[in-house]
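Structures follow.
Two complexes follow with chain A in common, the first pairing it with chain B and the second with chain C.
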Partner chain A sequence: MPPTPARWNSTTASPADRPPDPPAPPRKIQTPKSKLQTTKSTTSTATTSAATASANSAADSATDSATNSAAAAPDILRPEQFSAFIQAEQKALIDALGVRKAAYLCNYTPLELLNAAGVRHARLFKGGSSAQTAAGELFTQSIFCDFTKSCIGGFEQGDPFYKAFDKVYNFHTCATMKRATEVIELFTPTRLLNLPKLRDSGDSRNFFHSEILQFRDDLVELAGRPVTDDAVRAEIIVYNKLRLLLRKFSELRKRANPPLTGRAFLDIARAYYYVEPRKLLPICERLCKHYETLPASPPSPGQRQIRLMVAGSIMADGDRRILDIVENELGARVVIEDHCAGARPFYHTIPETGDPCLALANGYLDQSPCARQRPLSDAIDFSARLAQDYNVDGVLYIFLKFCACYGVSQKDFIARFHQLGLPVLALSNDYSESDRGQLLTRIEAFLDVIREKQTNLATHEHTHTLDA
Partner chain B sequence: MKYKAQDIIASGEWTYGPAWPVVGLDIGSRGSKGVLLVNDEVFTAFIPTGLYMQETADELLRRLLEETGLQRSDTAFIVGTGYGRISLKYDDIPYQVVTEISCHAMGAHAVLPGTRTIIDIGGQDSKAIKIDPRTGKVVEFVMNDKCAAGTGRFLEKAAVLLGIELDELGPIALESKDPAPVSSQCVVFAESEMISLRARGERNNDLEARANIAAGVHLSAARRVNNLLGRIGIEPGLAFTGGVSNNPGMWQVLETLLKSKFQVPGIDLIYAGALGAAVYAGRHAAASPKIAAKYHARPFVREKTAAAGPIAANASEVEFDNSLAC
Partner chain C sequence: MNTPTPLMPDSAATAATAAATDNAAAIATAARGIRVDALDYEPGVTRHGSRHQPNIYDAKVENPFSQAIVELGELARSWNLERIEHLVVHEGRRAVWGGAAWDSPLLRATDTIPASIMELWRKESHRSERIAEDTFHIPSEFCSMIKTMIGRWHTKRDDPIKRILAFSSGCEPMSMVIEHARNIGYEVYTLEGVTAFKVGEGLENRAKFLAAELRKASVWLQGKPVDEDRLSAEIRLKNAALKKVARILDLRLKRPFDIGSIEVMWLLGGSSGYFGNPGKYFEILDRLLAELEEAAKTPETRPSLPLILAGGPPGGLSFFQLLEKADAVLVGFVLLGTSLYREDMPPLESLAHYLFESQLRGELGEATGASALLRRRGIEALIEKTGARGLISSAITACPYASLVQQLERNHFRKQGFPIVALEHTVHNDPTTEEQTMKIKAFLEQLSESF
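Presenting the complex of A and B:
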């Protein structure tokens, strides 16, 4: 069963949400290589999108080249190839002519509307570079988080991808992101929309619905074409499918021996924000099928890797420092993340019937919440649930330095994880490059604590068995 | 420096010492510490961390072996810890790394077996560690974020500004009856606060003003550490480790803030990390049949025995100021 509590699914009866995690069929061990060599490439037929011809052809050729480079798997875009694929998509977006382009910063933006309006769109969430951060600091005080600074910094540095958009949309989530939107206005026309924070109030729903309608009207103006209810409904169905599929990728990591690293999952998840959904769907479907046919082999004895959850602030596109230390250097695995660039955004489904804009308002408000939303207990419940469902050994609670929200609410999150018996390491993160050694020490010691706990438990259980 | 093991173990019983020589090297951000265990003897050495960690580590090992009268090839196992642990390589001696958090816990546990809570303040980090008193293993820890407030570096800056040596800072602070308000957590801003405090001081009570500023600086750093400890809680059996544990001013202000007394160790706990590393080295060595076979084939021989006595002074260490190193 998908680990979505009723609360996050209360508005849907969509069949798309129901299929349980298909268990890996019992079959003979077969290497992915031998299976894939027998299948023909179908990449070029994958594209059925409404995007412009020029953009499509550029992106297609990129897909082809990425696919060709993996001769062993002609029809599958593997996680490590996603970066090149996304880069080509970004270039195609920059180069696309005759189409309006809209960017957004926050996951509360309904992508269904952007797509229904026929605009090229992408999320601006690059981060992890100290130069980009410093460029943003020209406009902010030092006590803004590095993500906010990076959002502005991309524009200040003249990043061609950031410059490519006709309009930037953002939702008022926290004070610093609101200020960032106001600064971005200096570079590109922006529209700030309101996100009600009290998600369990009826007034919030009505208000958010009216904001969604305004968002739609603004898009109609930008795109110069109407956005019909039918078009929005069609997009809801497509995005529901995509979110479900991405959730399946994440859930592959529930296996005792996860076939995907945390990094590989984030590489795939990134595509959700950069690639046209109808183009991404078949790519993800093929890859997902490939993983599902792999036998779920248990880890060899003594080789079990420590399973970690990452919870907290956004882990921006490019901010892979901590992940590299955890997975590459120390050999642990991130099996689930509760942040808005990880698995969290894929744990919600939009109602596919009824008034589509109302469905979007309810669906996005009901999504697994950002900790800026109230009641906070919803976010904590969701986080705790993920930790249990993915059977993690410990939690890395990573908050951006100066984040008033995730920084302050860490106490409540940590208290809940402790209740579940999970060790937690809280790390304040920024995009500087000087503290690698300090991070390494902390994480290494944290893994020691987890191992020690497991040893104690095993000894205890052993003694218990002997007693009985 | 040489110790008899039974003199530094609070319980009087030494259960860690292997028969074979094992070494713990703690390469800190400011100072490097080494401990060699052999039979029931404990040797320590301290040098400031140089630019090249491997050279620093080699020099520490050389000093330890020289004092013990052993050859390099007699060393059964080395465990490296501290900031520089990653950069060390030994082709001829079995080597492992363990984080300084685990090593400090084990070192404090070995010396003060009842320890449940450790405050460790070093050159660039401060940490609060909760340990399991049965095993000396870490149960939980919190560390400062990467800013140096509340660490040895902060105190070092303060000493420079007051024109005194670092090892004078603590004793001078103890003379104060009215600590000056140093509110800033940031070394840079605290520095400007101190400059204005100093400017306000009158000529004839210069010494009093200096003591008050020194005390204020300690209080500011201690508050920061106290907050850290507040996140994991204090359990009785408190130990203070790291270079700053040598500072009597910090010792006192922390005891006042925490309303608890630290246990008094029989060895300078600047060596807690290195001692813990040596304990881990001993365990690794004991678990290795290969190492046992080596000593069976060729027992190690000590060329000379260092002067007897529980705590022998060693002149070569006096030239280094170790009150800050981590």
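Presenting the complex of A and C:
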């Protein structure tokens, strides 16, 4: 008989038995500069050239400004506190005067250039609200993915955060986002740029380089100031550190008893898209160090939570419906995500030497790919590797309705997970609120399947041991 | 134009008559004296009793005005997948899937027959769609076009055409089913995606890159780079065809009933690959031009209802019948490219610039990354030029991209006070649905009353 699902088990259903909130980290706050130096020593071992030394020098000066930024940074002790922090950052962006503001839609946008240009910037990826979706539907009709409808809907609704930007940039990932950008042009100036699909082609990389140069030139015009190579190099180093740090956060979840919930990780990760990196770095460093010092004790017998991976389309900022069902209602744990608002964007490092814009072209094309990129097998391989690295028990393959990248390719992804012996539940998702009950039932049944599989495996192993 | 007597060859007329007798599927449009015979069609959905219909390229249209049109229909019917496969197997010709649109001169210059993607749903489309959902797990919400593509590729995976030329600027659903095709054994060559999003934004650099991509593609097609002189000649040939078709459409404004809207679709459809027979295609164009130049001296006096069709024809033959019954004539088509290839630059760059111009005009559809916002400018120009009184904006059901364009156009033209009807359709050769019929009829009635 499979174990009782956590939410029906009186010994595990109480909030107290959910993943325990971590104890607060020590209040002593190290200077951000020393923190940055600690982290830098990790990356700088890989950098040897004089050019890198110069870039590190630029980063040091950046670190000095980080010290100033950190003075205003809040003392964040728990992931849940990120929400208020981000909200404050969004408000600050809206209210900021005398600075140009640029938004972007996709993870293939080199943030290093935005920062080097001195513009305030943020990703537009709010979603999960049926009202915002409906507002976007005024332009798209219904047969469009709800995320892109939400991108448009934010403008149509007059969301002050969306209205705050002087320009919206989008590297052409999928046709849907391209169309959405064209509609956004009705509200705010936009700039679309080509993103090559063939990540293995040298010619495509050179072409991407030329598109990134166009992006840089456009930013120069927007910001009204030059963007120097040194400034870009400094930003590459800062963002590399931040991505590495966020990857470390994610990898805490490789532990048998992960100290972070899936939701907590997303709470931290979303700050990457809203907060100035020099402000975010010291905050994340403090928090990460605290988590790292927690004992990695295995779960108590019978308390092991089912470990799940969420793969597929974007889980937008605000789209937490399935995550809440999985973690809060059914007691399982999302230990890794392979989508472009989860851990995936933090698995790449930009080369810190050489022509910085060429480095951005190579680095961003080398990032763990969206399924839109070719060869598709790279995206599937990456997803499979994450599933193995994080030792998941099953995969929730979630694609937004009308998301071709993940909807049409679901067969290939699922086949690979099955090859690894992983059960998969494919869910076609949107931001409506009417199918919550159905989702709950399906996910609950899926967890039962995983438990049954684990029980059978344990029984088989026990019998095998006795036979031996 | 000839006198209005049926000019169908005796043999064809006999066959058509026999078919009409034997086959309850014969469709008559008495109002125009034009008969459409449903020969060689695949059984499809039955509606209103017994109606089936062929693909518009398989239809027989009895045109009482011009023998050239009759021969154009024969040419269109003769150029199909079976014919291309025959050429590959028995004459050693080379063929690939794709390359039958903006890039068609490159294909011709490399002695490669482009098998149009449209051939994938010309037959067996319903079966193909089922295969896509059952075998490839394509979610039901996606469009019939991509489903029939992969379904048909699946059933034809052991047939002679095993190579696909893909273009990355196309929509993601299409790109993803091409990956499925790759997995079942097709050799896929992907042209890197390059899109011109706005006029003047770095086009020269993008054109040079795309030209280099096309040169690489030519090596894949024929084992060596394309002969640029030959490519230039092919570009000139296509420009000549485009000019003649454009002239025919202009003359047709004065004689709207002489060439039916289906026949115009054939003309447009043949302007890229000439139905495999450029000599015959050009001969037909010249005869039509001569006939129309003469006929246009006496403009048509019977009133017609001029319309513009943006997108593919919704509902196939039935759609055209509905129009003809109401004396409505399609005088403007926003489907294929309307610009000419530039002849003042290296030919590969000329192809790139043609693509960019088309994208910026919102032409060639989502398969090439056309602009959603800019298509309406082309429509407005067409309205100005043709005096059209209404716009039929057509999209394939469940195509998010076309639906967005449609919605933008609906919002825009309603504000302008210009009549528009938005229709959806599948790629199947099904008669118009009740909803489509009702919407078309209501739209035409509304326009007729105001007329």
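As a convention for this text, the second predicted complex is superposed on the first by the 391 of 468 C-alpha atoms of A that agree within 3 Å, B and C clash if a C-alpha of one lies under 4 Å from a C-alpha of the other, contacts with A are read in each partner's own complex, and residues count from 1 in each chain.
In the analysis below, contacts are C-beta pairs under 8 Å (C-beta built on N, C-alpha and C of every residue); 3 or more make two chains touch, one makes a residue touch a chain.
What you see is a predicted model, and the numbers here were worked out from it, not measured in a lab.
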{"item": "Simultaneous placement of chain C and chain B on chain A, clash or fit", "value": "fit"}
{"item": "Touching partner for A:127 - first (chain B), second (chain C), both, neither", "value": "neither"}
{"item": "Chain B versus chain C as contact partner of A:449, first or second or both or neither", "value": "first"}
{"item": "First, second, both or neither for A:277, with chain B first and chain C second", "value": "neither"}
{"item": "Partner chain in contact with A:428 - chain B first, chain C second, else both or neither", "value": "both"}
{"item": "Chain B versus chain C as contact partner of A:262, first or second or both or neither", "value": "neither"}
{"item": "Touched partner set for A:394, first chain B, second chain C, both or neither", "value": "neither"}
{"item": "Of chain C and chain B, partner touching more chain A residues", "value": "C"}
{"item": "Contacts of A:363 with chain B and chain C, given as first, second, both or neither", "value": "neither"}
{"item": "For chain A as apex, the angle formed with chain B and chain C - C-alpha centres, to the nearest 10 degrees", "value": "70"}
{"item": "Which superposed partner A:182 touches (first chain B, second chain C, both, neither)", "value": "second"}
{"item": "First (chain B), second (chain C), both or neither touched by A:437", "value": "first"}
{"item": "Smallest distance from any CA atom of chain C to any CA atom of chain B, in Å, after fitting", "value": "5"}
{"item": "Contact residues of chain A, present in both the chain B and the chain C interface", "value": "401, 428"}
{"item": "Contacting residues of chain B [partner chain A, same complex]", "value": "83, 86, 98-102, 124-125, 132, 135, 137-143, 145-146"}
{"item": "Interfacial residue positions of chain A with respect to chain C in the complex", "value": "138-141, 143-145, 172, 174-176, 178-179, 182-183, 185-186, 191-194, 196-198, 201, 203-204, 206-207, 210-211, 214, 371-372, 374, 376, 399, 401-402, 404-405, 407-412, 414, 428"}
{"item": "Parts of chain C lying in touch with chain A, wherever the complex brings them together", "value": "136-139, 141-142, 146, 168, 170-173, 175-177, 179-180, 183, 190, 192-195, 197-198, 201-202, 205-206, 209, 212-213, 216, 366, 369, 371-373, 398-401, 403-404, 406-408, 411"}
{"item": "Partner chain B, residues of chain A touching it in the complex", "value": "401, 423, 426, 428, 434-435, 437-438, 440-442, 444-446, 448-449, 452"}
